[in-house]
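In the two assemblies presented below, chain A is common to both, partnered first by chain B and then by chain C.
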Partner chain A sequence: MLNKYFMLRFYKGWQIFIQNPLGKTGVIILGVFMVMAIASFFVPLIDPMYDPMTGIDPDIKLSTGPSLTHWLGTDNVGRDILAQLLEGAKVAFVVGLSAAFFSIVIGTLVGMIAGYAGGLLDASLMRLADIIMVLPSLVILLILASLFGQFNIWIIVFIIAIMRWPAVSRVIRSQTLSLKHRPFIEASRVAGASHVRIIFRHIMPNVLPLAFLYMTFRVTAAILVEAALSFLGFGDPSQVSWGMMLQWVWKSGHMFQAPYWLIPPGLCISLLTLAFYMLGRAMDEVLDPRLRKEGQSG
Partner chain B sequence: MAKPGYILLKLVEVGIIFFVILTALFFLFRLSPGDPISKMVDPMLTPEDMAHLIQQMGLDRPMWEQYLIYVKNFFTGHLGVSFHYGEPVETIIWDKLKWTILLFTTSTVLAAFVGVFLGKIAAWHKGSRLDNVMSISALVCYTLFIPWFALLLLWILGFQWGLFPLGGVLTPALWISNAPLITRILDVLHHLMLPLLTLFVINLGSYLLLMRSSMLSVLSEDYILTARAKGLSEKVIRNKHAARNAALPVITSVGLSLAFSINGGALTEQIFTWPGIGKELIFAVSNNDYPLAQACFLLIALVVLCANLIVDLLYAWLDPRITY
Partner chain C sequence: MEKTDTKNRLLVELKQVTKAYAPKKRWFVRSSQPVLALNSIDLGIEHGEVFGLVGQSGSGKTTTGRLLAKLESPTAGEIYFDKTPISQLKGVRLKAYRSRVQMIFQDPYQSLNPHLSIAETVLEPLMVQGIGTRDTRMEKVVHTLDLVGLSPGEAFCHRYPHQLSGGQRQRVAIARAIVLEPQFIVADEPTSMLDATIAIQLFKLLQEIKETFGMTFLFITHNLAAARYMCDRIAVIHEGHIVEVNTAENIIRHPEHPYTKKLIKVQPGFKYGR
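After this line comes the complex of A and B, so read on.
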């Protein structure tokens, strides 16, 4: 019974979402990139020379333009650009989604605890959030990279998540504040539920939808920061990413000679972040009927 | 009008936050692999110079004493000697700061003005083709990957069409030959164009979107209806009644989005070899020039905090509804 209700609600939300031009475009672009990410698993199986990192075409010593064997051309050591691009899609999804997920987890926990506990704990957690919120994450990552050496991709993901939770925690906190004095929370407290149980069993289900709305915007930020870091040469050296491809074309001095190499990676980063951003705006309209009416009346 | 008590409170708050950052940086330098002496003192120096620097920074003392000396050195402006330049980092930073300020203020002010203006028009014609085109373009600008966009501009406008120089901030020949001041200013402006355009386009998107949504919420308020009922002209309602209030959140966002702009600014400086703080930070980090990296970072943190402080105060002053 409950499931049926949720399915119906989800279906209705999806209907509004997919009718929204932003949502529709976002889903289509995202779909294309997902196909690319899945294809990246199969391309190296065709021929080892299509491996994005180690696959070198024995006949090619320089960067060459698009051809039948290399649809987007090769880089300056003879690696296939299309294969790297597909691999980059996979990495971008992994980085974006996992960083966003971790920041949502941290933000939701901090927001719920701050809102529920109140007082000094609330004040100090929110001050901390304020400090982190105004610090430029790329600059922090650069400083840490200089002190601790090259990071692997998961450490980068984790640092991005740590830099990105404050905005989430603010929203979750205010939502928790409004829930805290609702009758059902008071009732469970009277019934003897512990604080932990109230937070996780009664408050969390009510704030989670909001948290996941914020996830799409976090994905955008995480992909951009990782790409910028790789572009500057501080990415995970064992992992091809779009930012790193741009770094290679720039550092090897091919940016004025090889548009087939310069244009695709940046275009992919911009399009993927745009798609996630559009998704977020469209979801905003699904969850906020006020926005929806404005959009449709116009 | 902001009360003096409020201003004092904000100042104390910013002071405490900066101290936390200063302290965190001190411990990060000590926690990272390798000893602090190799991080703060150039290994290429003569033994006497090394001994002098170690003594000045107290690197041979116990940790708590090191910390006190570190704080004292910061406030007296001694941040160490750069490995690469062999000069005190504070002089290097002062030298670079003006270029960053030039690039940053021009791009932010231009983008904010144009963004507020276009956002106002987009909101006023909500749902029209004009609004759709502007909103979508703003979204695209906002999510553009900055280094890529900068490289494209450099490739097309700089390399293919040869309209602008490919990097740097001035033409050395012109400055050595003692050209008249006006030529030199024009030369700097010529170099400024590409980085300025990059940052302008990126910032424009977010200001436009913000102004649009802020304007939309203002337009649905009762006092706009009152203004209409009074028979005021549409133009007066739009510019005098709605836009002025709608622009307030945009002003606050300049402070809040500074972190985003600094990331973008560093990348832009790096690509156009604009000799500012951002490029210097990336250079220092790439070459393990720790004193320089530390100083750049502290300066950026200080600027971010001060900008947010100014925005807070400005907001309290501009919006008489806010009382603290």
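After this line comes the complex of A and C, so read on.
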């Protein structure tokens, strides 16, 4: 799967990608968040009071603004906001990437099978995709959460993935349809290759770049859904996330009293989703030569 | 029409084969007439001959090749390979048939998967047919690459299709087709995408292969000069009908059917060997 041709294409694609201002900005912002997510592992080691969930500054009773010990201030029980923000970055990456990963795995498999098999299987899989595509994922999650109580973060990830594969599968299906009748697939059939072999050996490497492109857009969606869910109070209560921080600001009545508490998580959600969106747009340009400016080569 | 009452045993026989492409049935839409690509044709290909199938675009010559490679099934009629009907083959027997019949495609830029190295491409038929061990397969691949003129074979193994020229790619496609040492090869306009000098080289290569392995070829082309150079016998196909079958020399020198005459007249003047 990860063969030399793939690496070569990746390398060439990367060069076009990094020429693109959107791609460059996206990568820089992502880098900053990456550093934040990594830092979240070390902050609680400095002092137990910097633990984002349980660390309480014994000297502080109310929410306070930025100070030397708490650069971004504390929340109403004395937990450090910067520590929570860093932890939130980690959670956003985990939620976004894993939900996106699961949804492209499902979407790619369904798309390849539907496109390759055709006929009744294709029709039924695509109708199923249509049904799921028109379901509002946030509302479904809210209903499920209110039915079954608050979910573990991984169950949320899983449900987001289940709700978000149809768009991927449609794109992969159409790509598979155009690949299916290419002579190299037919040559493989003439050699006696099985359908499974043709799908995984011949079709998959050719649709993977597209799947990765869609993964970046799925990441954006997953982060937003998780944030919205947490803000509405249906997130995982044992897990700090940016949406959860916003929920705490709101619940404790600090919406207009503590801008140092309200603004950072909101800003982070917008910036991270923006970064993934820019990444996706720049990748789009790599995969679709028609979008490239003159003089850029691939 | 059929003039094949010869002493040789027939390897491939098409009896009343018809292939119709029916338009998709839709609700509330009156469907149009099915397109007849092949209209009950009869053909016999003898052991060890190069049989040419000549016709213009859309005449059904490629369809015939695809039927023989079992990429498609006939609408009516039956194809016999070595006296066995092939339309009902499934599973293990189909796989066995596939090891005996291979195909060379027209466009070498489309017939190789860009993600597979040359070795992987040529290795695939051996792997799916479960022939040999890892080492003997690799040996076989290198040997086959040498045989098709990509030598040294080891040097080409790890290259990718985009690093090769059109002629080299087509040699890889030929290597993939002969690596199983099939009895019958369908060559579907193997040189129409390549320039003339390379085409001649490939014709010579195919003849060498034919002599080495004693394979039977169905050589599909629109080029009468190429067919004359390559083939023992030629069938002329026109709008799904076989209009004339004869030895290559007779077709060129004494065409009987008006369509064949027309076809010879419109061929550009240069013929190989002049």
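Here, the second predicted complex is superposed on the first by the 284 of 298 C-alpha atoms of A that agree within 3 Å, B and C clash if a C-alpha of one lies under 4 Å from a C-alpha of the other, contacts with A are read in each partner's own complex, and residues count from 1 in each chain.
Assume a contact is a pair of C-beta atoms (placed from the backbone, for glycine too) under 8 Å apart; a residue touches a chain by one contact, two chains touch by 3 or more.
No experiment lies behind these values; they were computed from the predicted model shown.
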{"item": "Touching partner for A:D59 - first (chain B), second (chain C), both, neither", "value": "neither"}
{"item": "Which of chain B and chain C A:S188 touches, first, second, both or neither", "value": "second"}
{"item": "Partner chain(s) touched by A:K4 [first = chain B, second = chain C, both, neither]", "value": "second"}
{"item": "Touching partner for A:D47 - first (chain B), second (chain C), both, neither", "value": "neither"}
{"item": "Touched partner set for A:L138, first chain B, second chain C, both or neither", "value": "first"}
{"item": "Of chain C and chain B, partner touching more chain A residues", "value": "B"}
{"item": "Parts of chain B lying in touch with chain A, wherever the complex brings them together", "value": "17, 20-21, 25, 28-29, 32-33, 39, 126-128, 131, 139-140, 142-149, 151-152, 154-155, 159, 216, 255-256, 258-260, 262-263, 266-267, 270-271, 281-282, 284-286, 288, 290, 293-294, 297, 300-301, 304-305, 308"}
{"item": "Of chain A, residues touching chain B in the complex", "value": "127, 130-131, 133-139, 142-149, 220, 224-225, 227-228, 231-234, 243, 246, 250, 255-256, 259, 262-263, 265-267, 269-270, 273-274, 277-278, 281, 294-295, 297-298"}
{"item": "Chain C - residues contacting chain A, complex", "value": "69-71, 94-95, 98-99, 101-103, 105-107, 110-117, 124-125, 128-129, 158, 160, 162, 173, 176, 180"}
{"item": "In the complex with chain C, residue positions of chain A that touch it", "value": "3-6, 8, 182-184, 186-194, 197, 201-202, 205-206"}
